[in-house]
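Going in written order, the chains are labelled A, B, C and D, and every chain counts its residues from 1.
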Amino acid sequence: MKKVKVGIAGLGRLGKVHAHNIAYKIPNAELTAACSIVSDELEYAKKELGVTDVYTDYKEMLAMADIDAVVIVTTSGEHCWQIAAALDAGKHVFSDKPLGVTVEECKLAEGAVERHPESVFFLGFMRRFDPSYAYAKKKIEDGVIGTPYMVKAAGIDPEALVEGAIKFAATSGGIFIDMAIHDIDLMRWFLGSDPVEVHAMGATFKHPEFAEVGDDETGVAMYKCGNGALGIVHVGRTAAHGYHVETEIIGTEGSLRISPVPEKNLCMVYDKNGVVTECVGGFPERFAEAYQLEMQEFIDCVESGKKPEITVYDGTKSTQIGFATTEAWKTGNIVKIEY
Amino acid sequence: MKKVKVGIAGLGRLGKVHAHNIAYKIPNAELTAACSIVSDELEYAKKELGVTDVYTDYKEMLAMADIDAVVIVTTSGEHCWQIAAALDAGKHVFSDKPLGVTVEECKLAEGAVERHPESVFFLGFMRRFDPSYAYAKKKIEDGVIGTPYMVKAAGIDPEALVEGAIKFAATSGGIFIDMAIHDIDLMRWFLGSDPVEVHAMGATFKHPEFAEVGDDETGVAMYKCGNGALGIVHVGRTAAHGYHVETEIIGTEGSLRISPVPEKNLCMVYDKNGVVTECVGGFPERFAEAYQLEMQEFIDCVESGKKPEITVYDGTKSTQIGFATTEAWKTGNIVKIEY
Amino acid sequence: MKKVKVGIAGLGRLGKVHAHNIAYKIPNAELTAACSIVSDELEYAKKELGVTDVYTDYKEMLAMADIDAVVIVTTSGEHCWQIAAALDAGKHVFSDKPLGVTVEECKLAEGAVERHPESVFFLGFMRRFDPSYAYAKKKIEDGVIGTPYMVKAAGIDPEALVEGAIKFAATSGGIFIDMAIHDIDLMRWFLGSDPVEVHAMGATFKHPEFAEVGDDETGVAMYKCGNGALGIVHVGRTAAHGYHVETEIIGTEGSLRISPVPEKNLCMVYDKNGVVTECVGGFPERFAEAYQLEMQEFIDCVESGKKPEITVYDGTKSTQIGFATTEAWKTGNIVKIEY
Amino acid sequence: MKKVKVGIAGLGRLGKVHAHNIAYKIPNAELTAACSIVSDELEYAKKELGVTDVYTDYKEMLAMADIDAVVIVTTSGEHCWQIAAALDAGKHVFSDKPLGVTVEECKLAEGAVERHPESVFFLGFMRRFDPSYAYAKKKIEDGVIGTPYMVKAAGIDPEALVEGAIKFAATSGGIFIDMAIHDIDLMRWFLGSDPVEVHAMGATFKHPEFAEVGDDETGVAMYKCGNGALGIVHVGRTAAHGYHVETEIIGTEGSLRISPVPEKNLCMVYDKNGVVTECVGGFPERFAEAYQLEMQEFIDCVESGKKPEITVYDGTKSTQIGFATTEAWKTGNIVKIEY
């Protein structure tokens, strides 16, 4: 069995997750090269992943390494040019979300993808691969809820991790850019229509540090889509109980609800507090399986020539919507979204 | 034990619920008079409730009947003048929600209440008396969730009853006036602050009859309150699974969630579909206990001279907010709310 | 509307519940007499229930009071002779469970019931009237789970109330007599067959006071019924989370499960512990509605001449099964049950 | 990184799960040999797993293959001699449960393990590695429920798969041998004490084919342990809703409950039936992660020299308890268990 040879760029928290999956959990892939500007991360690649072909320069990896595909998990601002460079070097590309931090960048990535129709480009909206979300999509396709016309989504980081968010608040692009991209993608995916109008509000009651730099600790946006469907996206950073990702999809014949209780596992505790369900602590725990399944799908696409369902245009649109939402939040106006 | 003597005005669906509670479930009340323009309803009062002192004219009941208090369950447009007339006749008054159908009417009722500080005026926001909602309020007062800063509410009537809603769509005042008043009241109650700004959207995907008369089958509104807190109210008419009333209150230290699964009772069915929880079929089933508890509170206020927590101003405000929401929905604009 | 006139015997904790329901919650009943050997209880009857016709002697109440029916809520050892006396005095009778504390006593009650076929005899197995249990029975009758062949029941008192149980441990008859009667009745009711064989075990790990007087704080019994169906009854006294009554009924086509989470109400708390459902604190809270509904049914039977579904023989059988279970537990043997 | 070289014996349904995990999901293992008497299975090993070193004779694999460890997933009757042969050949051994089909066989395996204290022997009680069960064990060790004194377990195969069970009913050893071993192991593990006495019953209401060959479709056993703790194990073959594995562990300070609703994933469907949670379809789905985690633990033990928590004696004891349970069920007697 021939394996797809992969080089990874970026070995931070999420990069390590991807690298470990490629190295050990994807039968038809092997991790043969790694690139990072952080020397500890390259040490990690050698010791923990057995990758000896390491680089500090991304372009050098593209030029020198024996790889079929590149997995990009660098900081968001680097994604687009790295995507273009890899495609132009004849590599298949997986890039983590977001596609880019400006719409202009995204258009550059689009151009590169269009120049290389023979290559696979895969954008890391891993939630679509989570078994519960994939099951919801399947149910919708099976007609179980009729025509979906409303999505209500919540994505709230745990209070336990808020210090990190406070530290980066001034440079994160604001709560909607930082936190709403996955929910925006899910909304589009489930509704089958793009939002054309948004209004958004924010609030900060617990950590004034967010407000001090012009951010908010909670945001809520309301969307109207081209086909008339509605969307509500609620993002936040201070869930006491853990990492709260919840989605409701409402259709003409029924609705679906994913994890109103973001349970850690199937064990409940009955004690003097009552009946207690502990909750997941963060996205690596909640979406561990999704990260593995999306990478498997990427590798399978490379191997088989199959095209991914997610396209580069999904990436551009989610970025556009994120900026429109941010404008609505900042100005207090209703913002029209054009693509 | 002296009982509070009550005359009821209106014996429709909800009127019968109240009348039955007064007659049989409130120890310190007795139902001694009834008024209706529907002769069948007066027959019902005689046969089922043992009330022999019946009237077709409201003012005549006020003048003639041996009553301490009036319970008004007539059509919404009659509430305010009937409130004023009863207070001016020296009676204590319970009025079902909404207070009135225009703000002007509400102001008339306010004037009457202010003229009679010695009388009890009680507005039927029964959800506040539901054990689950009352428990949530108690938890908030106990500080369990810190400062509440966001309410997310849903109130969706069952598809099984949609024909009635279609029939009255042209005259209901629109979905927000018709359906959102309770959720608006709960939002204000839980947040302890009034909304100052609203944006709203609607959608109709299943029953075009609503859109044909300018209504919608689903509506969603987003509020910002004076203290910066946020609110989302989602109303609809087509829940496949039953009567769906759900509320989430989010605070700085935790959150509360009331009935994401609007269970009919504590029995689950494990069958070939999976594990199934049947749901309540409508508001009389869901809030049976709340209707009884609010009436008990009204009677206790009359008997003890205690003042109700809910005031006439709560009624005016919820009506004002309902109209502002309707304006936002109809115009597509963000609407400022002034009181 | 003519009301059924009721005299109550016994006004302890549960007696007060019944008395309050008769006086204030059952439209076609009135509480006209009360009997107790505790003077405070008679004071309560006068002040809280407005009953002026009070007695310290049960037979005197039967002879003198203007009553159609007697509700017996005295200590268990008094039930049977009081049942017989009331029936012989021409009264309809409601007796709380258990029917009697010996099978001989139960037979005396049976004789009295048989002597008075014109009178209503009603035994207070209130769980059958709880909306969730009644719904389960209806589902079974509708064929939803096919033929029921196994019942698994748990009835565990809260640790918060264990002191009372410790105090009466020496005289309670043991944990199965004291706690399993309701579960035994439900098992028979749901399975439609009587147990013919039982084995039982007990354990005491938390409160050695139970073991010191020959009782146990936890008991579990396994039954085989005449038709081959199986039953498991688990009783205890030390649930940390509250009052835990749970029942599972398994049939050939599905199963039913009542309250694996004995929720207090529909509100959940999301806090640093996770997602928490508080639980009911005791039987008066859990079965408040059931107590009212069974009394309504008794009064309706008296008024209409309808015969109750529960018979005196159900009472004798549950007592016989309780004793057989106790024998199995005490001896460590498998015990055959004959009726 | 040096990898542990593994040869697998048996590539049936579960064998394929283990083989796939070793080949692709365990970083520090590689699958280098395979043995099966079924030629299709060897083809599978070559094509799907890339294993070219294949055998039809187990002893030949032990003698010839370049392997450090053997994973035994053959039919139960082969386990013990294969364990002994592998250990005597200097290999580390993982054997699927049960250890053996007679106590005599188990003793042979014990002897081999004792002869080779330097080798790792690992018994496949994978449920201990399921995240929910492992979490429950951790909670107990942390003292969250005080002293555990009762386990209630249910393990019910789906009706959808009953045809297979009917086919093998005559030779399966009966329902307790066939189905209760995992629950027995969990009971011992959670209680920290071994059962010394058992009574058991069975029933067949849906598929008479079981009764015709002396088996039952449902069985329930009640255990008393050496320390006085209690256990209930309920096994069956006809769950309408899916694969039902549920466990409750009750302690002096609280209790734990694992999966009263054996949910397939985190998505619920709200439709005209109510709120529906679909359930897992079988053990490979329910325990997919547990199978991977137990194999990881085995390989880590081999690599590090660490001893597994599960021992060969756990295997013997669960077999002994299974036989005692079967005797109790067949004879209708209470059976003492001696080790």
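Operating definition for what follows: contacts are C-beta pairs under 8 Å (C-beta built on N, C-alpha and C of every residue); 3 or more make two chains touch, one makes a residue touch a chain.
Here the structure is a predicted model, which is why all the values come from computation and not from measurement.
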| item | value |
| --- | --- |
| Co-neighbours of subunit D and subunit B - touch as defined | A, C |
| Chain located farthest away, centre of subunit B as origin (C-alpha) | D |
| Whole-Å gap between the CA centroids of subunit B and subunit C | 37 |
| Centroid distance [mean C-alpha coordinates] between subunit B and subunit A, Å | 42 |
| Centre-to-centre distance between subunit C and subunit A (centres being mean Cα positions), rounded to whole Å | 56 |
| Where subunit B touches two or more other chains, by residue | 239-241, 253-255, 257, 262-264, 268, 270-272 |
| Contacting residues of subunit B [partner subunit D, same complex] | 239-242, 244, 261-264, 268, 270-279 |
| Complex contacts: residues of subunit C adjacent to subunit B | 1, 23-27, 50, 131-133, 135-136, 139, 144-145, 253-259, 262-272 |
| Of all residues in subunit D, those that touch subunit C in their complex | 146-147, 149-150, 152, 199, 201, 203-206, 218, 220, 222, 224, 228-230, 232, 234, 236, 238-241, 250, 252-255, 257, 260, 332-334 |
